[in-house]
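Can you read through this structure? Questions will come right after.
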Amino acid sequence: MGLLRMVAESEATGKVREVYEDIMAVKGIGFVPNFWKALAVFPEHLEATWQKLKTVMRPGRLDLRTKEIIALAVSITNNCEYCIHSHTAALKRLGLDNAAIGEIVAVVDVFNGTNRIANAYRIEPDVTPDPE
Amino acid sequence: MGLLRMVAESEATGKVREVYEDIMAVKGIGFVPNFWKALAVFPEHLEATWQKLKTVMRPGRLDLRTKEIIALAVSITNNCEYCIHSHTAALKRLGLDNAAIGEIVAVVDVFNGTNRIANAYRIEPDVTPDPE
Amino acid sequence: MGLLRMVAESEATGKVREVYEDIMAVKGIGFVPNFWKALAVFPEHLEATWQKLKTVMRPGRLDLRTKEIIALAVSITNNCEYCIHSHTAALKRLGLDNAAIGEIVAVVDVFNGTNRIANAYRIEPDVTPDPE
Amino acid sequence: MGLLRMVAESEATGKVREVYEDIMAVKGIGFVPNFWKALAVFPEHLEATWQKLKTVMRPGRLDLRTKEIIALAVSITNNCEYCIHSHTAALKRLGLDNAAIGEIVAVVDVFNGTNRIANAYRIEPDVTPDPE
Amino acid sequence: MGLLRMVAESEATGKVREVYEDIMAVKGIGFVPNFWKALAVFPEHLEATWQKLKTVMRPGRLDLRTKEIIALAVSITNNCEYCIHSHTAALKRLGLDNAAIGEIVAVVDVFNGTNRIANAYRIEPDVTPDPE
Amino acid sequence: MGLLRMVAESEATGKVREVYEDIMAVKGIGFVPNFWKALAVFPEHLEATWQKLKTVMRPGRLDLRTKEIIALAVSITNNCEYCIHSHTAALKRLGLDNAAIGEIVAVVDVFNGTNRIANAYRIEPDVTPDPE
């Protein structure tokens, strides 16, 4: 469609090429996903998005697997087809099987429902001590 | 407001009382959260929601901590205030500190953004081998 | 807040006054809800919104009660606090009690959940004969 | 895609077979919709989801037709393609024609718009007496 | 699918024909977009929707180009495929190139992310003087 | 609440202080908005978010005013209260009055509605020539 004009790996120069190479190195994959090739229409956006994503996905208090699970949960909630595919593929590369994906889907199902119950009834937060 | 008529613990009888007691036992807390007291307006809904939630949150391929993290990510994406409070409190009881919560928020931020990029460009999924 | 500058009933003149009077007559209430007083900042928007809403809410294949139930279901799904209040109040004026509101909430809960399951698995529609 | 591994009717055993048979009996249809065949990847989730849906959709203060209308309104608001198809098909089996579906769509249109107006202006709920 | 029964230009009579002709005249295009042909299932909805859209899109404090940019930003946020196509096409007719579309996508990306951060932390609005 | 532990301007050191000073300089304001003080719980997230936002908001094909209008439209669609306040305040500093804000709200209203119509009817994109 008119929105999309991806920059192929063979066309990439300068900043775009640098980002492409870093993406393949950090992710340990031999191709640049379509998502990043589409972003290259605005190279500064490509670079800032990749820098931020790389920073945020780096293991810290949470490991990469947990962070990819969050990414899938968000993508299902928002109904982003490309994102559901790519985060499922990433989780399978990290060792999750279909049964584990099924558990993620089940949790996303339950809390999208309960979110609406809490919205509907405008329930006040419970007063609980903050352990921190 | 008019929507809300919570059933207090002292008023609960029959099926509602049974569910309340099971909630406190399973969660290991000494009170019934407001969410469940609001649901009691329709006791069959209360019971079915609790049974399903209990089934889905039971540790399986994923542990409880990971499942609560998914619940928080979904609740932030949907902007459910009560839910954000209650899942944050649950995660703190499970040992997460503010820095870990900050990492969850950061991942939710990044993928809510990238979801819109993928939506906007209607990007085709990458063809990748399914490891399963 | 800065966004809001409502036009009070006593200040309304011209087109705004006409719409205010029509709202009270059609709804059979003795006041102009805050929603419409906020919209009056852009009188053509007020008028076009009221004309469209009045047209769409007129009983046709579906009666007003069913249409207000749809309005509440949409408002809960979108987490619009004002809208949840006003459509609940409208349904109570139409005779629904708390148990009926609880059934609406329960259905909204269930299908917000199942929507995510169907999104997650990108399930193909079932092939069924169209009775029309 | 990798997410999906449906359990065909001919493969179903044990709990999955029981749920499949109950679905066909309760809905009065001669096939298991794809939605349920996808859920069978996690049999306890399948069972808990079906039990809850069956409980919530049982006629009470609201009849089945009204409940299916709510389901369609939620599915349109969330843009769930499978769900829009399946609830439209269900409503046609219950006797609604295209003009009635068009009225549902119109109401969903109007209130998704007005939800944003109320959000934008952070309008305070009107103070109205609660008839209950 | 069962939901869709578009009214072709050659079939349109009465009110539907009038609206179709006005759409082509106001938009300066030689065809009726599919969106409006679908709406014609409920002619009063078609007419009220077109009247309101025409009123709201008329240049005022903001010009048409800015209003179409808002329409695209909303459509990307909601993941409406038809709408993303049609507002992109409209913006290209108004002179935007792919790089400008890329800037819109980038802004939509950033603020869908920051919206979730603000939601998660329930941040209080800053107290600032209102210049109006 | 437990989620929030803002880093005050007087407490900020190192990277956090540098980002705070850059925010005030670039925005031309004499205080650090609460949003950024909350983000400081995860300093790398603060820095990457500010770098990306600054890059994306820099005038290019679109000017800052248009970009802030997109930000407000997204925030209203997602119902983010803090964001609605802050982008309204920013637009007022850029010279928009209440009537102009009212036009933004009206456009957001219309297209949130039409997005659902297009979703409901699964309308095929119109085939139009791409001018680029």
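Every chain is named by a letter (A, B, C, D, E and F) in the order it is written, and numbering of its residues begins at 1.
Keep this in mind: contacts are C-beta pairs under 8 Å (C-beta built on N, C-alpha and C of every residue); 3 or more make two chains touch, one makes a residue touch a chain.
Bear in mind that the values here come from a model prediction, so they are computed numbers and not experimental data.
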item	value
Common touching chains of chain E and chain D	A, B, C, F
Farthest-lying chain, centroid of Cα atoms versus that of chain C	A
Chain A-chain B separation of Cα centroids, rounded to whole Å	20
Chain centre separation in whole Å, for chain C relative to chain B (CA means)	27
Chain C residues counted as touching two or more neighbouring chains	1-3, 45, 49, 52, 56, 77-81, 84-85, 89, 92, 98-99, 103-106, 108-110, 112-115, 117, 119-122, 125, 130, 132
Complex contacts: residues of chain C adjacent to chain B	79, 84-85, 88-89, 92, 98-99, 101-103, 105-106, 109
Interfacial residue positions of chain C with respect to chain F in the complex	1-3, 5, 41-42, 45, 49, 78-80
Chain B residues within the chain A interface of the complex	1, 3-4, 31, 33-35, 38-39, 49, 52-53, 56-57, 60-62, 66-67, 69-71, 73-75, 77-78, 80-83, 85-86, 89, 92-93, 96-100, 103-104, 106-126, 128, 130-132
Contact set on chain A toward chain C in their complex	76-77, 79, 81, 84, 105, 108-110, 112-117, 119-122
Complex contacts: residues of chain B adjacent to chain D	1-2, 44-45, 47-49, 51-52, 55-56, 125, 130, 132
